[in-house]
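Listed below are the structures to be examined.
In the two complexes that follow, chain A is the common piece, with chain B as its partner first and chain C second.
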Partner chain A sequence: MDYGFVFSSAAGELFSPTTAAYALAALGLAVHFGYSGLLNFGQAGFMAVGAYGFAISTLSFGVPFFVALLISILCSSLFALLLGIPTLRLRADYLAIVTIAAAEIVRYIVTTNQLTKVTGSANGLAAFEGGFYAMNPFPEGSYMGMNNRDFFIRVIGWGLVVVCCVIVWLLMRSPWGRVLKGIREDENAVRSLGKNVYAYKMQALIIGGVLGALAGMVFTLPRGAVQPANYGTELTFFLWTCLLLGGMATVLGPVIGAMIFWVVLSLTQSVLYGLIESGAVTWLTTVQAGQLRYILVGVALMLLMIFRPQGVFGNKKELAFA
Partner chain B sequence: MGAIAASILALLLVAAPASQAATPSPTPPPSNQQFQNSISGFLRDDARAPIEGVKITAKSGDFTGTATSGANGSWRIGVPTQGTYEVELDESTLPEGIKLAEGQANPRNVTFSQTSNLSVIFAFGKGIVVQEQNFAQNLLNRLVAGLSFGLLLALASVGLSLIFGTTGLTNFAHGEMVTLGAVAMFGLSAMNLPFWLAGLLALLIGGLFGYVQDAGLWKPLRGRGTGLVPMMIVSIGLALAVRYVIQFNFGGATQQLPFAQSPEIQVGPVSISPNNLWSLIISAIVIGLLGLVLLKTRLGKATRAVADNPALAAASGIDVDSVIRIVWISGGMLASLGGILWAYYRPGVTFDMGSQILLLIFAGVTLGGLGTVFGALVGSIIVGIFVELTTVFGLAADLKYVGALFIMIIVLLFRPQGILGRRERVG
Partner chain C sequence: MSHSAHSMNNADRNTASTVKTANTNGNDKDAGINYMTDSSPIVVGEIAPGCKKRDPIVVAENVRRSFGGINAVDVDYLEIPRHKITALIGPNGAGKTTLFNLLTGFDTPNSGKWQFEGKNIEGVSSFKLARMGMVRTFQLTKVMGKLTVMENMRLGAANQPGERLSKALFKGIWGGREKEITAQADVLLEKFKLDVKKDDYAASLSGGQRKLLEMARSLMVRPKLVMLDEPMAGVNPALTQSLLDHIKNLKAEGMTVLFVEHDMNMVRHIADWVVVMAEGKIVAEGPPRDVMKDPAVIDAYLGAHHDVDLGDTEGIKELEAVLEADEESVVGTENAGIIAVESVVPDLKGADLKQPDLSPEALQEPGDDEPNSPQSGLAEPGRTDKDKE
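Up next, the complex of A and B:
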């Protein structure tokens, strides 16, 4: 087995744009669940709204990059508003079911053949990233073994992660954030202090949703394509695994969680493939090795939740469901 | 006779885009296996004799696939993605004296709707005109198909609702319990067991899975005092793990159960495939029996008491743990049965067939009212009929699940406790 390759591909995952996207989306989930106690199982839907909002406004309306970015953020806020109005007054599991259903509705709508002209249906959309790469300040050349485009998207993606982490950190130590944590602990107590719980929850839902939309854009830009199959319910569940790995009521937890998630996935894949190629493992095909990784994700999610619900960095006192 | 057969085929063709069940052909031989999705069909002339050596092409974007019909008239084209394809039958390769029936579009555009196999029927014959199915007829057919679909959803959702009622768990792994029933049925029939035995064993496996889940996972978790939200997330992990364990062993392809394909028959004014009819009858009987058990027997009363208030039930001498165990076992068996019927309804067995309808099951349960058994039944039937009827009223076939999910959200807006739910449960 080529250990150099195994570790370099794992290290590559550490700062890949996909990891940045997962970190952003999981940070959104931390705002939703970790800090406010909102069970959002539709983060993939927010990511899809962000990615498609950006791609469609670029391709169908030809708007410049920053307008497309703004439209995409507006769309995700609207999506959060639509989801929040019927469900935020209800018990937590209703929000879970409605958000997962809404995310699937988004996926079905962008997949349908009726809208092929706008959404590209199952094949998705491509060639909308030109405006983004046109802003690339790095001249062509090699940057730490990457070309200037790959380097640029990493700088922007991780820059965004840092900025968002700082914003979330500042928000959560502000009076607003303290009210939010109060809602998580005891909704009625906060209500009796005269706070509008519904409005606070809605604001948290929108902020986390916007983080999801940004994640959708970071996820889709380096691929140069947005396809509905990427935004299924499994994406949401992976994000939850990242969140729970790192710690749900922490700012850095989701980021570290996303890194651990991708490094472990990459390591298991390369090690399994290496073992299969070297003939040490004969009872497994490479396709099955890919499936084995997802079995591990599922088992890891269960074990984490049962034995260490606060994650790697979390504080057990800060659990939304303690 | 030939003319009748051909006109049934022609009618099916009109219904085909709306109905995944309408595939009146034996399983095509495996070929082109490199893709998971396929377009396939059977070529038979108006005397039902197979037509061999006809070339058929499917095109979409820059993908082109071709196939030639085999000795039994079957053809199959593997395609990379589910989408819209232009399918063309090369009429110059047809044998002497056989022509496409009048009104048969060629080439024509076909679209996948949720399944990985798409059947395309070409009707042949002299002077047979494809009839447009009239609206009322179509409505009636879809209504019955929807009832059949709704009842099979109800099998799964009644189990989910019972589990929710007695333990408070929103079980995201219920879809995998559905899949397991169908996969077990497929595996057992592949071992050449008789049909009834395979079915019975698949149900037992489903029940066993329910028992093992409760005994090995949920009971210890309840004992630790784990909250409902963590348990919900654990069930998501379980769902992911089980789904990929099934794929690991079963593969990604679509398989068919025995007798999966049957031509539609005419029952009174309704044309329905015998499989759908059986599915309707079986699920109606099972749900009727379940209702009787719940309402009339001691066990049923105990179950409802636990669902109402576990602490009070325990105080009045009911063995709460054994009631929950029985609920899990019966929930697993019901989900298994639902899975087998769902495999006939789609038709086809895949590793993710359960998770495809998980949200519809949730929609049924939420519509009826979380935790109410008869609410789940009513909700599922509404969802099933709604899914089938929206295609009659012009919603595209690939959007038919959207309608049902949308209705669920709307109902939550105005009546959050569901149709039969009580307000205090919403809390």
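Up next, the complex of A and C:
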């Protein structure tokens, strides 16, 4: 087995744009659930809205990059409003049901054949990333073994992660964040102290949703394509896995969680493939191995919940009162 | 805003008040009043369930709430006097908490309207009521477990610009106010003996400490009306005394207090006025001393107690007589309707308190020389009939 390859591909995952996208989306979930107690099981839907909002406004309306970005953020905010208005006055579980359904609805809408002209149906959309790469300040060449495009998207993706983390951190240490945490603990108590709980929950839902939309764009730009199959329910659950791995009511948790998630996936894949190729494992095909690694992620998650339930960064003391 | 103006006024007047209270004639609302010593009448006209108050802060009319078949709250008319401490008592399930929920917008009644400081507030959401100055605590204590005690307190404060999303990012804008809030919280935490706990998670507090925290937190709002649902439940007796003083002092700061309590000693200690509920209705009102003699109250409490034979009118009369004569009689939580044994039969002190001997002999022995007129408990005979309608 080529250990050099195993580790270099794992290290490559550490800072891949996909990991950045997962980190952003999981950070959105941290805002939702970790800080505000909102159960969002449709983060994939927010990512889809972000990605399609960007792609459609670029392709169908030909708007420049930043306008498309703005439209995508607006769309996800509207999506959050739409989900929040009927559910945020109700118990937490209603939001969970509505978000999981809404994410599926988004996916089915973009897949319908009637809308092929706009959404590209199951094939999705492509060639909308030109505006983005046109802004690439790095001349052609090799940057740590990457070409200038790959390097650019990593810089932007992780730059965005850093900026968003700082913003979320600033928000959560403020009195505004305190009210949110209070709502997570007991919204009636917060209400009795004169805070408009509904408005706070809505703001949190929108902020987390916009983080999801940004994640959708970071996810889709390096691929140069957006396809409905990428935004299924399993994506949401991978994001929750990242959140649980890292720690829920933390800023760095979701980022580290996303890194762990992808490194573990990459390591298990390389190791399994290596074993199969070298003939050490004969009872497994490479296709099965690809599926097995998700099982391993599940096992890892179970072990984590048993031995370190607060996640890597979570506060054990808080958990003592869960 | 108006609150601070109010209390300032109050402070200005305090010097003059001692002189004035002597000749205050009660109806003169604008005279300088020291709310601690103010003895002007609370009521206009005759004392009766649902009577008019000289200066009501809350007025409720025809407030009804039913759960399935039962009427949890069925209040025809109720006024809460301003700048007074009003106790709301009644047996378990009388509808006290439900009435709190209705008044504070945490529950919606089937019908009725009610006012706070002259403004109609039916249908006004709970957080707006809190901003108007009507703050309540919960019977089942609500603290934010995964926030520290100090953060819990800070959460109560009003006018923190940093609670707006648009300003939250800039500490320069809200840092100053945060310092004021923290200072205010420190003072309160010390009063409530929670200062050593201030950096602990609220979830690590004991049940009684949580009650204290919740009460202190509600005062962070600087309310005009504080509504406390069983504030003393589970608080240790040594602390109760100082807490009672704190509650009394709220009055000096210009606040009005409405509290639910089962401990009659506490009610007697601090309440200026007592409202009695039973089966959703207001069955009696009055100053603590008089209310506890009220036959309707005894009826309400004993009615919930199966050990006592209500069919026996002689027995009731005797109970009333003893209640009348004895200041220490307890009509409270677990002892609801049971007269403290030691006060009835001094010799029995230390005997089994949970099974008081209510036999006629036991009641009569010490009572023989004391209550000369067993009828005095029924000071206003006409009222019993009215209560029962």
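The rule is short, and it goes like this: the second predicted complex is superposed on the first by the 306 of 322 C-alpha atoms of A that agree within 3 Å, B and C clash if a C-alpha of one lies under 4 Å from a C-alpha of the other, contacts with A are read in each partner's own complex, and residues count from 1 in each chain.
Here, a contact is a pair of C-beta atoms (placed from the backbone, for glycine too) under 8 Å apart; a residue touches a chain by one contact, two chains touch by 3 or more.
Since the structure is predicted, the reported quantities are computational estimates derived from the model, not experimental observations.
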Side-by-side fit of chain B and chain C on chain A, or clash: fit
Chain A-centred angle between chain C and chain B, computed on Cα centres after superposition, in steps of 10 °: 90
Partner chain in contact with A:V63 - chain B first, chain C second, else both or neither: neither
First (chain B), second (chain C), both or neither touched by A:Q288: first
Most chain A residues touched (candidates chain B, chain C): B
Partner chain(s) touched by A:L193 [first = chain B, second = chain C, both, neither]: second
Touched partner set for A:K181, first chain B, second chain C, both or neither: second
A:L74 touches, of chain B and chain C: first, second, both or neither? neither
Lowest inter-chain C-alpha distance for chain C and chain B in the superposed arrangement, angstrom: 10
Residues of chain A that lie at the interface with chain B and also at the interface with chain C: 320-321
Interface residues, chain A side, partner chain B - complex: 39, 85-87, 89-94, 96-98, 100-102, 104-105, 108-109, 111-114, 116, 121-123, 233-234, 237, 240-241, 244, 287-288, 291-292, 294-295, 297-306, 309, 320-322
Touch list for chain C against partner chain A, complex: 104, 106, 126-128, 130-131, 135-138, 142-147, 151-152, 154-156, 158, 160, 162-165, 167-169, 171, 174, 178, 201, 203-204, 214, 217-218, 220-221
Of all residues in chain B, those that touch chain A in their complex: 61, 81-84, 111, 170, 221, 226-230, 232-234, 236-245, 247-248, 252, 355, 359, 362-363, 366, 370, 396, 398-399, 401-402, 405-406, 408-410, 412-413, 416, 426-427
Chain C-facing residues of chain A, complex: 167, 170-171, 174-179, 181-182, 184-186, 188-197, 203, 249, 317-318, 320-321
